[in-house]
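Per-chain residue numbering starts at 1, and chain names A, B and C are given in the order in which the chains are listed.
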Amino acid sequence: MYHINEISKLINGKIIGEDNLEFSKLSPFFEADPEDLTFAADESMLKNIAGTKAKAVIVPVMEEYPDGKAYIVLEQNPRNVLPILLNFFKPKMQKPEKQIEDSAKISENVLIGINSYIGHNVEIGENTVIHPNVTIMEGVKIGKNSIIYSNAVIREFCVLGENVILQPGAVIGADGFGFIKDKNGDNVKIEQIGNVILEDNVEIGANSCVDRGAIGSTVVKRGTKIDNLVHIAHNDIIGENCFIIAQTGISGSVEVGNNTVLAGQVGVAGHLKIGNNVVVAAKSGITNDIPDNSKMSGYPLRPHMEDLRVKMSMGKVPELIKRVKKLEKLLKNEEK
Amino acid sequence: MYHINEISKLINGKIIGEDNLEFSKLSPFFEADPEDLTFAADESMLKNIAGTKAKAVIVPVMEEYPDGKAYIVLEQNPRNVLPILLNFFKPKMQKPEKQIEDSAKISENVLIGINSYIGHNVEIGENTVIHPNVTIMEGVKIGKNSIIYSNAVIREFCVLGENVILQPGAVIGADGFGFIKDKNGDNVKIEQIGNVILEDNVEIGANSCVDRGAIGSTVVKRGTKIDNLVHIAHNDIIGENCFIIAQTGISGSVEVGNNTVLAGQVGVAGHLKIGNNVVVAAKSGITNDIPDNSKMSGYPLRPHMEDLRVKMSMGKVPELIKRVKKLEKLLKNEEK
Amino acid sequence: MYHINEISKLINGKIIGEDNLEFSKLSPFFEADPEDLTFAADESMLKNIAGTKAKAVIVPVMEEYPDGKAYIVLEQNPRNVLPILLNFFKPKMQKPEKQIEDSAKISENVLIGINSYIGHNVEIGENTVIHPNVTIMEGVKIGKNSIIYSNAVIREFCVLGENVILQPGAVIGADGFGFIKDKNGDNVKIEQIGNVILEDNVEIGANSCVDRGAIGSTVVKRGTKIDNLVHIAHNDIIGENCFIIAQTGISGSVEVGNNTVLAGQVGVAGHLKIGNNVVVAAKSGITNDIPDNSKMSGYPLRPHMEDLRVKMSMGKVPELIKRVKKLEKLLKNEEK
């Protein structure tokens, strides 16, 4: 547990309200539990302090401080102290001691493959199969009837449901890509202290990567199937029963609805909202939100039928240039 | 061995012809051996029953049933019962018992790396080097003089020829991406019971993935070299002496000829036929068959020189729009 | 050490100058040390023999042989004998004998994960953490305070600085993609005898691959951060404090300046020079050099604002074709 005084001091803040609070974790604004600390970094949060359940909020100087919360007030945007906060709240890990750590809880009829490492406090549900050379780090939970193929890695504190399948080499919970430039222009790492949640019946393809949340979780919801070599960045929320086809990459903090299909080699920019029942054709680039039930393609992305027309018409441009030149010449002659 | 009665009952079929047959495996229509069971799901098969060597064929109701085969007749398209069939025919695997299973046949002068797992009934040819932390699962065969680098995974029943090289992290034989929607809209896995065949002198790059066939084999033919992070989907047949450059993705059931080059980040849609001696430039999207000796690029794909002209002309479109507007204005004035 | 006579004989050369020399290694022309052998294969080298520090140079027949070097003269381009030379100079590796080889030098307070392999003569600096199931091959050097996550592979003779992080499944030092066609049209491997150097504070994402140099090194300079599933090919030199975002692929022998950002799914053709402080937007294709401070996007690549205009204008082409057709009709009528 971390005391509010300690944290306020760490980030040069001033406490307003109750100053004898303790927190077990730092959470994202809209996902925080009542015992958590959170931070409000932009308008959507600052104008809606009641929108978080957290009992304390790190904020910049505000005109007034709504009742019912404690505040750590900063002379700057809380985003600037995030690297310090994440480093402070980063869970401490225990050292590996033996191949299957004593504190691991392995249910009945679980198969642990040769040379697979099962970390401290890991929990594995019944009938789950762990193939050889898998690495499952501290605090991971895996439901029953799951299959983890060889050389998959599940990093600390990730949670997998029932009937989850990880194909070989899948990486769950690598650090999200979070860095800032310091005043010298050097890249400085922002610790990634969240985790990954894979719900029931999720399958992750060979050598695909689902990064852990910066804070909070990256989530893949029930029934979603992810193909090989796919990249899911920190804090993405992928809906239920989606298909994410091979080599697609989704930037951070994207929300994808249910029953949506992203075909192969699609790219998605950060912080977008893609609806339910959306189909996006292969190699498309998504840079805007997509409403439910859309069928889209291309880069820039367009309704699929329109994109086909545009793609076809592109082939006529060299000839079109000649035709326009001819028209210009004709008109010039007429004008004489 | 599975009896025809058992299978017919499983999928609610009616047997026509010889009803005392047994099969060891289910095979694709055009690749089946004479002792196999197969299924005919579309016109190209149904009108050409003689095109399969299988002694029994699962079919929908037909007008007549050509002689010389047994039939399991369904009231629906056999494709619908494929998930049931694949689950039924899925080979049962033995549990891992020790790092190098007793039944593995390791030839002379083979080097088995520290902590590498060698599964039941694996066969490894002489002078082959297995580096540390490799996983080779049940029934895999590897020819002589091959090199398997660390953290590569070869899943069950795949076959590698001589002088094959797997760079680190390559995954051979992960499940193909096969799912159907059930009546609730939930994604349901179709078991992938085929394998992968890598012929002699094939090299697979770091973290590249070659998925196993749904039924039948995914094949990479002799001398073909595959770069890093490439995705080869289920039932692809890649010809001899091809180069498949980094981050290219090939969808399922694609056939690529010999001596063909797919440059980096190319995408190939499913069920296509790409000829011999084809060159496709980087980042292209292939959505149609390509004849032999073509040099192609772009998305949509065009002959390379034409694509260059189209790409160049695109830069002139903003100006072209202005020029057309001007012409329209001129003509309007004249008309007055 | 290899004697000049032995090498000259191997490649059918004729020695001019000092013929009693020995070399420990073959190096690229501009990076050779004074005790090295090198080769000059194109004009930029042949006209600038003083540009290499190597004491001996393999050359084709020249008009004159500048003083101060020894020469092995060939009746053909030295590039043709490169496969023979690389095979000859390929370092011989020792066999793995135990999980942590006796010759490895592990500093104080280093954590070696369960089942990780530490090769012959590996050196690991203090406080570095090696997670379970990592493979570190012969002669690798890792600086202090680094973190190597599970299932990462570092192949022989690669060098990692301080504070380096490898996310799970990262592959450092796989063979570059180097092949030639023999006279039968078969693909023949060119051995890749260089290494990879990752300088201080470099981070490599999950399942990303940095290939070793063919000869000489692939280098990622200090502070550069590479995201997941990125491909860095042989002999690339990536500058300081760059961001290389997920699924980007960089072909061989590319030079990238400092503080440059390549966004997701970018592709870079071989042998290019990308400047300092460059930003290239996602999904772009780079086929030409880029000067410092450029902001670029698209494929073909254009200045970013121009590319946006072009991309927007493409959507108007179908309508533009109609408008031109109308104009043509109008003019035709007028001409009557």
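Going forward, a residue touches a chain if its C-beta (ideal position, glycine included) is under 8 Å from a C-beta of that chain, and two chains touch if they have at least 3 such contacts.
Fair warning: this is a prediction, and the values are worked out from it, not measured in the lab.
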Pieces of the assembly without subunit B, by contact: one piece
Residue-number overlap at the subunit A/subunit B interface, same or different (half cut): different
Computed distance of Cα centres, subunit B from subunit A, in Å: 30
Per-residue overlap in subunit C, given as positions that touch at least 2 other chains: 115, 133, 151, 169, 207, 229, 247, 265, 312, 314, 317, 320, 324, 327, 331, 334
Residue numbers on subunit C that touch subunit B, as the complex places them: 95-96, 98-99, 115, 117, 133-135, 137, 151, 153, 155, 169, 171, 174-175, 177, 179, 181, 185-187, 189, 207, 209, 211, 229, 231, 233, 247, 249, 251, 265, 267, 269, 285, 299-300, 302, 306, 309-310, 312-314, 316-317, 320, 323-324, 327, 330-331, 334
Interfacial residue positions of subunit A with respect to subunit B in the complex: 111, 113-115, 131-133, 149-151, 165, 167-169, 201, 203, 205-207, 223-225, 227-229, 241, 243, 245-247, 259, 264-265, 282-283, 311-312, 314-315, 317-318, 320-321, 324, 327-328, 331, 334-335
